[in-house]
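As structure tokens, the structure follows; a few thoughts come after it.
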Amino acid sequence: SGDDGTEVRFGYISDFNGASLLAIAEKQGLWKQHGLTAQIKVFTNGPLQIQALGAGDLDFGYIGPGAFWLPASGQSKIVTINTLTYADRVIGQPGITAMTDLRGKRVGVPEGTSGDMVLNLALRRAGMTVQDIQKVPMDPSTVVSAFVSGQIDAAGIWYPLIGTSIRPKVPGLVEVASTRQFPDTAFPTAFVARKDIDTAFSKKVITVLQAANDWRAAHPDEAISEAAALLKRDRAEVAADAANVRTMTTADLVSKTRDGTVRRWLTGLSDFFVQTGQLKSAPDPAEYYTAEQYMEASGR
Amino acid sequence: MSTKISFRDVHKSFPVKGGMFTALQGVSLDIADEEFVTVVGPSGCGKSTLLGMAAGLVEPTAGDVLVDGSPVTGPGPERGVIFQQYALFPWLTVRRNVEFGLKLTSLSAAECRHRAERAIDLVGLADFADALPKTLSGGMKQRCAIARAYAVDPQVLLMDEPFGALDALTRVQLQEQLLRTWSQERRTVMFITHDVDEAVFLARRVVVMAARPGRIHTIVDVGLPYPRTEEIRLSPEFGRIRNDVWHAVYHQDALTA
Amino acid sequence: MSTKISFRDVHKSFPVKGGMFTALQGVSLDIADEEFVTVVGPSGCGKSTLLGMAAGLVEPTAGDVLVDGSPVTGPGPERGVIFQQYALFPWLTVRRNVEFGLKLTSLSAAECRHRAERAIDLVGLADFADALPKTLSGGMKQRCAIARAYAVDPQVLLMDEPFGALDALTRVQLQEQLLRTWSQERRTVMFITHDVDEAVFLARRVVVMAARPGRIHTIVDVGLPYPRTEEIRLSPEFGRIRNDVWHAVYHQDALTA
Amino acid sequence: MSVVTVPDETTPAQPAARSRTGRTLTLNIAAVAIGLAGWSALAAIGVQGLPGPIVVAQRAGELIADGTLAGDVLASLRRVLIGFTLGTALAVPVGFLMGWYAVARGLLEPYVQFFRTIPPLAIIPLAIVLLGIGEVPKIFVIFLAAFLSSVVAAFQGVVGVDRTLINAARVLGASDRTIFIKVVIPASTPFILVGMRVGLGSAWGTLVAAELIAAQEGLGFRMQQAQLYYDLPTIFVGLITIGVLGLAMDRLLLLADRHLTAWQERR
Amino acid sequence: MSVVTVPDETTPAQPAARSRTGRTLTLNIAAVAIGLAGWSALAAIGVQGLPGPIVVAQRAGELIADGTLAGDVLASLRRVLIGFTLGTALAVPVGFLMGWYAVARGLLEPYVQFFRTIPPLAIIPLAIVLLGIGEVPKIFVIFLAAFLSSVVAAFQGVVGVDRTLINAARVLGASDRTIFIKVVIPASTPFILVGMRVGLGSAWGTLVAAELIAAQEGLGFRMQQAQLYYDLPTIFVGLITIGVLGLAMDRLLLLADRHLTAWQERR
């Protein structure tokens, strides 16, 4: 464990966002270079990792945008921003062409996830609210079966679920709204750490992640292969997944941290969570994003 | 009189650890219509097994069991059975146990109730009609089982040591009642007992069985007239037949059975 | 001879629908050490209940039950019981049923086996030692229960119609064996039976009970000497006592009990 | 006649029984108190994320005040009651068929045993595809859980019915149907009730899974919502409500058991 | 002496028994065949998202070839076996305590009944907090499910033991402990086995929930992973493997049952 300062217990989710850096760090020997060994554990979602962090069973973890309210409410700290994802869509059954067509229709969505966010953004842009549709909360796999079997008219859901499971069965599905249409709102993914993590230890890990991040930005194709190898999945599947991900160089992230872009992303997400009720108020990102450490680790 | 129950060269074996156990070997017996036959014999000689075949509960390994000329394929309400182990339904009161068979007939509810009442009275359980079996003494359970079989008034009565748990007076009273019913309503009765006195007192013929393997040893004709009275029980002729039967049973060595 | 078992003004009532049923009312009885007492009475008069109290299985509603001068607080291996319903452990073979009590003593395994073997031989079940209860006939089950109680060789034997399901010869053999053991090893026996002959043949005193409510009606002293032989059974004196007991039981009206 | 009819309630048997019930109640209350104390202690020493009883009680108060809890309880109770009732009602005849007819056993048993081991979560996609997202699939998932738990017990009960009792009914002229209703069912009541009690647990335990299927209210739904928001007090309110409702229904079953198996000689 | 010892296997009883087993097997195979046919038909008429048997068999082939399935089976089997064994082993003495001593019943019953109705999914957060994310919390969740299912049956079995048998043991001088081991356990074996069989179902049914706790392999884990990409063939391979393993273990229990309750007179 982290006690002797050499072993990192790292949680991740088995998709391109969650797995690529860990695959690269291992393959490129980046952990070893910094005198660390990594013990990586796969999880199905962010909140479970946050719990494990809280219980002291994990040192670092990976979360998607839907789980950002957890660090924001003080459950853990964000140590690096990973990527931006553009995987979320509002999809409709064939025949539906615009958000306004959804008035009074049944829309399935996993509540509090990025799918929920994109649905909210799309509604707002169309001048509607959730009151105008019939929102049916369900978990992601339920959304898939419900949409495929025509039990719901639309859904707020993401790739790769859309690509691998829904489109083959409903080829005529319509992407009514997409994350790409909201440049003002970003959907970042991040790595988080235990609240009581040792600063020196944490900085070493950040350094490794930064190195892996730069390698990923420089070798996008190889990064996909590395992730597919770790996940034991088809390279094509992972590639489709990666197509909705925007990676950034460490330099880029440092400058975005410095100029307040990251801060704006985080505040945007917090505001969304305040709307849904997951947060009571939007806290200052400085309270849960260790920007200083990130910049110090990068040496810039 | 025609034959009511007919055992034709009946064999029965049970699988036991390491082989087969022969419970009955080559038993042939005809019981006439309206006849009263008692069966005696050492413990474990196959009496209950034989009665179970007539009831349609035990299948012979070989041979045939006929009732009214047709092979027995299963039990039926025209053949009433009183089991050696009472077999009361523990969740029913005495009254409901007795009514059980009646309710399966086409009798009206009132008639069921009436008949059950009569049968319960007959065995002296009127005060316990609403008691559950677990609160009855051994003899009371047995009397309840008797009432249950009597209530449906079957043509054939197959009785396995029905009076075994009863005190002598109750026993004599029930013996006399049984004989009265039998002679008035002309039923056929096959009656297992360990009491040689009882066997002779009730029967037109006493079937004496032998053990290892179970088989018929002798059949003793009881030449005594009906109705059987206390007088007959005390007659020297009765004593003679009683001794015959006793001798037939007990020239055998009981405790090795 | 000192008193072994003592019932002092014992009452027993059971809760029944709508009130209490008095099973025993004011029963007082002393059974001396090494005495052989038989209990007779109409069905349901409380014989099993009384025996259950001596065994420590039934608590009196009022009054005291003492064994060796101290109140009975529960059952114990020094008081062997043979139940009216056999109560064999259905998952154990005859041999293991008989060994059950022995294994609870400090006897060696070999000794247990030996004693069980002897008890099983005694009741004539040697060939069925490895059979499960469900494969035994009624009488065989009863003999197994007898063997189980005999095997632990208790000081006091409490026997509830132990020979009820046995044929006459087996019964006589077991009666004689019981008397032999009793006289040689000086045990105390309380023995319930429905057979007045048996009651008189075995006992030093016959306790005659009456029903509704259950109570002691008379105690008949059997003045006959031990060992009891076939000769004694045929003696006029035996016949006289037998009639006394019979009269004591059956001036009562059995079927209303 | 020595049966004494005592019309008032002062027969000796009554106080004894009453005091026994009283003692059981005292013990139950003691047990609950110990549990609460333990919980408070755990929360007080600050086990991560564990809310104490007071916080939970406050949250319960809020949920009761705004009517959420009542609505959730009603919705969930309806689902559990219907699913459970149907499940156990079907389990008895199916258990009978399996116990009675070798052919039925041979055909049905593989399915029963197979589906028994499959987690309810895994049934959901199929339930949605075949039954939609209304109340039907939710009740179906609960029904299945209750059915699969009870059927084994019913089956075993039927198989174990004392053969002499069946014979006694047969010689009185009872048909298979009559034997089933009048002998097999009463004789296997103790088993069936075990099955029902276990099935009741399964039914409640499956509630959360069932309410994954597009529920709009219900205790399981509320708990999932709360999990999203990491709202532990609400989760605890849900857990405790489910526990208490389950306990209450179990007590009712137990009461039924006492009445239905009063004929058993028991300790 | 009419007990005939027949050393070879050609006694009449043997072929009958063998043919009965044979018929059951035939029926089971028929049942499976019917099931497969039904499944193929459903998949063929294009029930949304349902993969057919052939696709699933191919996926199974792949998973077997690369050793994934073997690893998953081993991991899950270990968890289920340990959890189930501990759970049922504890259920018997606890059921005994509850059945035998009124005090124990009063104290324990509320908890048992309360926790029985709580969904395993809801236990997970607490399990992580108290037990971490290693093997212990996973096994604990399975253990709990098996325990809670079995304990009711064990309890009911103990309560229903024939009083005469207990009395028979007591008059032979048996202590409470001896009575428990030598009378109560054998007499309630039919109940305990019902409990174990239901508990086995619960244990497997809880596997997916248990493997939510940061499992790195296992059938439940694999199914969840597959859910991220909605890889239905893999999910079906998992379901069928769980079903088959559960069925096999159930058969073993049934075999044990046959041996342990051969003394019962049964149909």
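First chain written, first letter: the chains are A, B, C, D and E, and each begins at residue 1.
Following the convention adopted for this analysis, a contact is a pair of C-beta atoms (placed from the backbone, for glycine too) under 8 Å apart; a residue touches a chain by one contact, two chains touch by 3 or more.
Computed from a prediction, not measured in an experiment: that's the story for all the values here.
Among the remaining chains, those touching subunit A and also subunit E are D. For this structure, the chains sharing the highest number of C-beta contacts are D-E. With chains reduced to the mean position of their C-alpha atoms, the one farthest from subunit B is A.
Subunit B and subunit C have centres, each the mean of its CA atoms, that are 27 Å apart.
Taking each chain's centre as the average of its CA atoms, subunit B and subunit E sit 47 Å apart. Centroids built from CA atoms put subunit C at 83 Å from subunit A. Residues of subunit E found to touch two or more other chains are 1, 3, 48-49, 125, 129, 164, 232, 261, 264-265.
The multi-chain contact residues of subunit A, meaning those touching 2 or more other chains, are 51, 54-55, 141, 144-145, 148-149.
Residue positions of subunit B touching 2 or more other chains, listed in rising order: 16, 85. Every residue of subunit D that touches subunit E in the complex is listed here, in rising order: 20, 23-24, 26-28, 30-32, 34-35, 47-50, 99-100, 102-103, 105-111, 113-122, 125-126, 129-130, 148-149, 152-153, 156, 158-164, 166, 190-191, 193-195, 197-198, 200-202, 204-209, 220, 223, 232, 235, 238-239, 242-247, 250-251, 261, 264-267. For subunit E in complex with subunit C, the touching residues are 1, 3, 164-165, 167-174, 178, 182-183, 186-187, 189, 261-265.
Those residues of subunit D whose C-beta lies close enough to touch subunit A in the complex are 48-49, 124-126, 128-129, 132-133, 212-216, 221, 224-225, 227-230. Every residue of subunit A that touches subunit E in the complex is listed here, in rising order: 11, 13-15, 41-44, 48, 51-52, 54-58, 140-141, 144-145, 148-150, 160-161, 164-165, 169, 232-233, 237.
By the touch rule above, subunit A contacts subunit D in their complex via residues 47, 51, 54-55, 70, 73, 75, 108, 111-112, 136-139, 141-142, 144-146, 148-149, 151-152, 277-278.
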